[in-house]
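Residue numbering begins at 1 within each chain, and the chains themselves are lettered A, B and C in the order written.
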Amino acid sequence: MSRIGVFVCHCGENIGATVDCAAVAKSCGDLPGVVVSTDYKYMCSDPGQNMIKEAIRDQKLTGVVVAACSPRMHEPTFRRACAEAGLNPFLCEMANLREHCSWVHERTPETTDKAIDLVRVMAEKVRRNRPLYPIKVPVTKTALVLGGGIAGIQAALDIANAGHKVVMVEREPSIGGHMAQLSETFPTLDCSQCILTPRMVEAARHPNITLYTYSELESVEGFIGNFKVRIRKKARSVDEKLCTGCGLCTQKCPNKRIPCEFNAQLGLRSAIYVPFPQAVPNKPVIDRERCTFFLKGKCKVCEKVCPTKAIRYDQQDEIVEHDIGAIVAATGYEVKGTDFFPEYGYGKYKDVITGLQFERLASASGPTQGVMKRPSDGKTPETVVFIACAGSRDPAKGIDYCSKICCMYTAKHAMLYKHKVHSGKAYVFYMDIRAGGKMYEEFVRRAIEEDGVKYVRGRVARIYEEDGQLIVKGADTLLGGEPLEIKADMVVLASAMVASPGAEQLAQTLKVSYDPYYFLSEAHPKLKPVETNTAGIMVAGACQAPKDIPESVAQASAAAAKVAGLFSQSELSREPIIAVVNRSAPPLFSTCVGCFLCESACPYKAIEREEIRGRDGQLIKTVAKINAGVCQGCGTCVALCRSKSIDLQGYTNDQVFAEVMAL
Amino acid sequence: MSEFEPKITAFVCNWCTYAGADLTGTSRIKYATNVRAIRLPCTGRIDFMLVLKAFAQGADGVIISGCHPGDCHYTAGNYHARRRWVLFRSLLGFVGVDTRRIKFAWVSAAEGAKWADLVNETVAEIRQLGPFKQYQELLALRHQPIEVA
Amino acid sequence: MRLGLYPGCSLLGSSREYAESLRAVAAQLGIEWQDVPDWNCCGASAAHSLNHDLALALPARILAQAEKAGIEELAVPCSACYSRLAITRHELLADEKLRRKIAGIIEMDLECKPKVLNVLEVLTRFTAGGLSDKVRQPFKRKVACYYGCYLVRPHKVLKFDRVEDPQSMDEIMKAVGADPIDWAYKTECCGAGFSVSRTDLVAKLSGKIVDDAVRRGAEAIVVACPMCHVNLDLRRGAIEKHKGRQYSIPVLYISQVVGLALGLDDQALGMHRHIVPVVFSEPREAGCCCAGHGEAAAPVGATEDEH
């Protein structure tokens, strides 16, 4: 038997001036199921709320309708008041007499009629409301961090330091990412590896962090707090427990003509290799696609020289499984190669290089030990042209966006070049200078004023080779478009920053949305920059959008905070507005026929299949089941269900049809 | 003889259109009183039986409004609603109902003015079309004896 | 193989040798040309800088005439004509209203069905299909393939070869035994229509082209466009005056090079019509088709030019 209380609020003059609240209260007193119907000036105030609480107790109300402002404003307030009075909060609904009525209409009888209609609709709904209780979901307090670059390392350390376990997965043989390849970082010109390697070591040694390098994510199942993750440990061909990192194998390997990935294809490495001297872990890997033994069955020098017999040619990939509570995707980026630019030679000019390749040239641990030598003949380049915005901000090349970091690193490169070649001439062709961070503008000015880098505002139309030099044909737009031809010894392209290879596949494995450029999508660009639309999966660093190191670190810490917040509870509490598939007694078990149209429609993959078996184990039918941990309560499956076997708690068919029928 | 005032029922999604209508209120933009909005979590929740029920209850017009494509709070609910709407409209057209009586729109939480315009336009249109008597006449047929020749 | 042919104005006038060599080569390759009946001028740069309708109507009429004659594929040797015809076809196929308007202007049925091909596209069909086999005297010379402006641009319309550093002409040259060089001026402008009104600009721009080709060791510049030929060959005097030195590098039409390789003689290929004599300073090797030319007196300063 329903005992509904209707409370009409004047909201001062806001409702009262336009709607005849007393009349509404009086009229609603006659509605079926309504036992008390009053009006008051300020329902959300303490006395107003007390009025509701007293009515709940005294009149033994089974439901409450507060006719006042928008539920988006005060539904939590009134629901809490009801809970405090002992009434299930989901038995309280609000009728919007302010935003949808008094504020948008004039003081006419029609307005009051509409107000009465709106209250009647909610009263009819409340009569059919059922008590609902928050859903508790257990949480596994282990995080998975995908990617071992600076963002991944930062997130892993923050989560580990907060006292939770972390599993880190990195595709390359060593962590460090692109930051390990940089020589110096802007705006301080700190040595990149010097600030990075302590963090790398800390991450590898941290008791809470389990590090898998040369490994990739194989599959993810489950939902927030309860993911089941499978990781593929690719075969290094080296027993990590026995290897001491002595490096003898890499020294003795006869196959040393393989383009080195760490040196951005500027140097060479051996088939068994450690990517760089400060690699973590400092254990080698055999490149099976180029190793003489794997290709032809000969050699085996590394096995012969290894003092601890750690070489294992027969090692296989291994799959490990982990239970994970939250995932942080920090898979980083890559830069477009010189072959992306037809006008700059389709990649055939050895002295036209990318910014990342320049970093390797400038780096003390690079192929030239930090001495400025151009790739083609090793001569010192006396004139270097830097081209900013190479590929970025260019719809014709399919990259509309700005890569954000290039203005800063181009200035840095020009400065590094001038520091190493004092007599050298550096030109930077730019469109705009984007130096928005702390001390960034000052950094660029330093390049121009102190280091004498010549900035030319214009684009470079063509580069071709002549007599061992590169002819750079550009224009100086600040001089009215005057064509400018420079004979350069080397050209550095600040090529566009794009999503890491395999980003699309990773996003699909994680079931996270991504944009047309394969950058992972954040849940809300302004207010939820580190979460994704998939509950429990956070995003950090350049895999979300081009960004520099300070921002990647900040975003990684933010993601870690979200994860720590998730782990701070032993159980996750969720709003009970979720869908439920009906269950009834045998022999029916459920009106669900197992068509699973709902399964394909659910945007969150929250619908599972449940097998209903008899006592003898025989399968009777397979029906749909909603995963209470994942369902977000949109109701799409409810509307789709042909047999009306699913209902949305809080907006059941009963309730909603009752609302419509009340009109 | 007072002018016919249409009765409009609106099914709106909580995250976009309901919020947009709230914004209309906060901005104090005035519109016609004929609309009664039913709040749902998402337009994907809308079973088109609800629309038929609204007409059965005497509505002369129905508005369905949700988030813009791509902006659905639940990612894809509005796409399902749109697909259903297209089928439903064909069905209604086939049956002979004037499809102008049902409006399908996207109103985001920032489009307070658009909501007001939508309401006003719909009310004006339905006023032109007149009361939706077809359904009522059809329902009345249930009570008439069938003559057998 | 039967192909439509739109010679265009230049091939009847200043580029007569292009037409001659093309017809001679076609006979060798088994191509039967079907000239477009009652063809008109394509309008070239003049029409499209004055009036959009005129610029479309003139090529449209050519396409309509070709269509009427049952031509499915139309070869257009002159690059400028090729550009006008290809772009017109592209525009009219994309805009039905415009096509009907132009059809009204020319008072003919206009479906724009015939495909427009440039001479490189035609010859490329043979490189895969045994051109090398037909070669009797490999043209063993270093050549600079000059594409000019119209053959590969705008890429969105023509969808042929690649815009920066195209390779189709280079491939044809390789097929006839030549050695195409990698050089910087493949698609740089020669000065085009300024040949008459601003010969000084042509001297400057074409001068750069000739200079680069010579400096990189080319023995001949190969073109597929009458305008390019005029600026690089006919205007050689102006170029030499501007640069203050002599250049004896000859400019050959691609059809002439192919013709030579196929064993046809100079007269048949119209070589005598060039301003810059088609001579090479020293014979390359025995069996090279140009062995005969080496005997003729080289122009003054010839030995200084070639590396």
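Simple rule for what comes next: a residue touches a chain if its C-beta (ideal position, glycine included) is under 8 Å from a C-beta of that chain, and two chains touch if they have at least 3 such contacts.
Since the structure is predicted, the reported quantities are computational estimates derived from the model, not experimental observations.
*Asks:* Please find the two chains that have the most C-beta pairs touching each other.
*Replies:* A-B
*Asks:* Which chain is most remote from subunit C in terms of Cα centres?
*Replies:* Taking each chain's C-alpha mean as its centre, the farthest from subunit C is B.
*Asks:* Centre to centre, by mean C-alpha position, how many angstrom separate subunit A and subunit B?
*Replies:* 37
*Asks:* Whole-Å distance, subunit B centre to subunit C centre, using C-alpha means?
*Replies:* 66
*Asks:* What is the distance in Å between the mean C-alpha positions of subunit A and subunit C?
*Replies:* For subunit A versus subunit C, the centre distance works out to 55 Å.
*Asks:* Could you please specify the touching residues of subunit B with respect to subunit A in the complex?
*Replies:* Interface residues on the subunit B side: 5, 7, 9, 14, 18-19, 21-26, 28-31, 33, 36-42, 44-50, 53-54, 57-59, 72-77, 80-81, 84, 116.
*Asks:* Enumerate the contact residues on subunit C facing subunit A in the complex.
*Replies:* Listed in rising order, the residues of subunit C that touch subunit A are 162-165, 184, 212.
*Asks:* Using the touch definition from the top, list the residues of subunit A that touch subunit B in their complex.
*Replies:* Those residues of subunit A that touch subunit B are 70-73, 96, 98-101, 103-106, 108, 110-111, 113-114, 117-118, 121, 513, 533, 577, 601, 603-604, 632-636, 638-640, 648, 650-651, 653, 656-657, 659-661, 663.
*Asks:* Which part of subunit A faces subunit C closely enough to touch in the complex?
*Replies:* For subunit A paired with subunit C, touching residues are 342-343, 345-346, 462, 464-466, 471.
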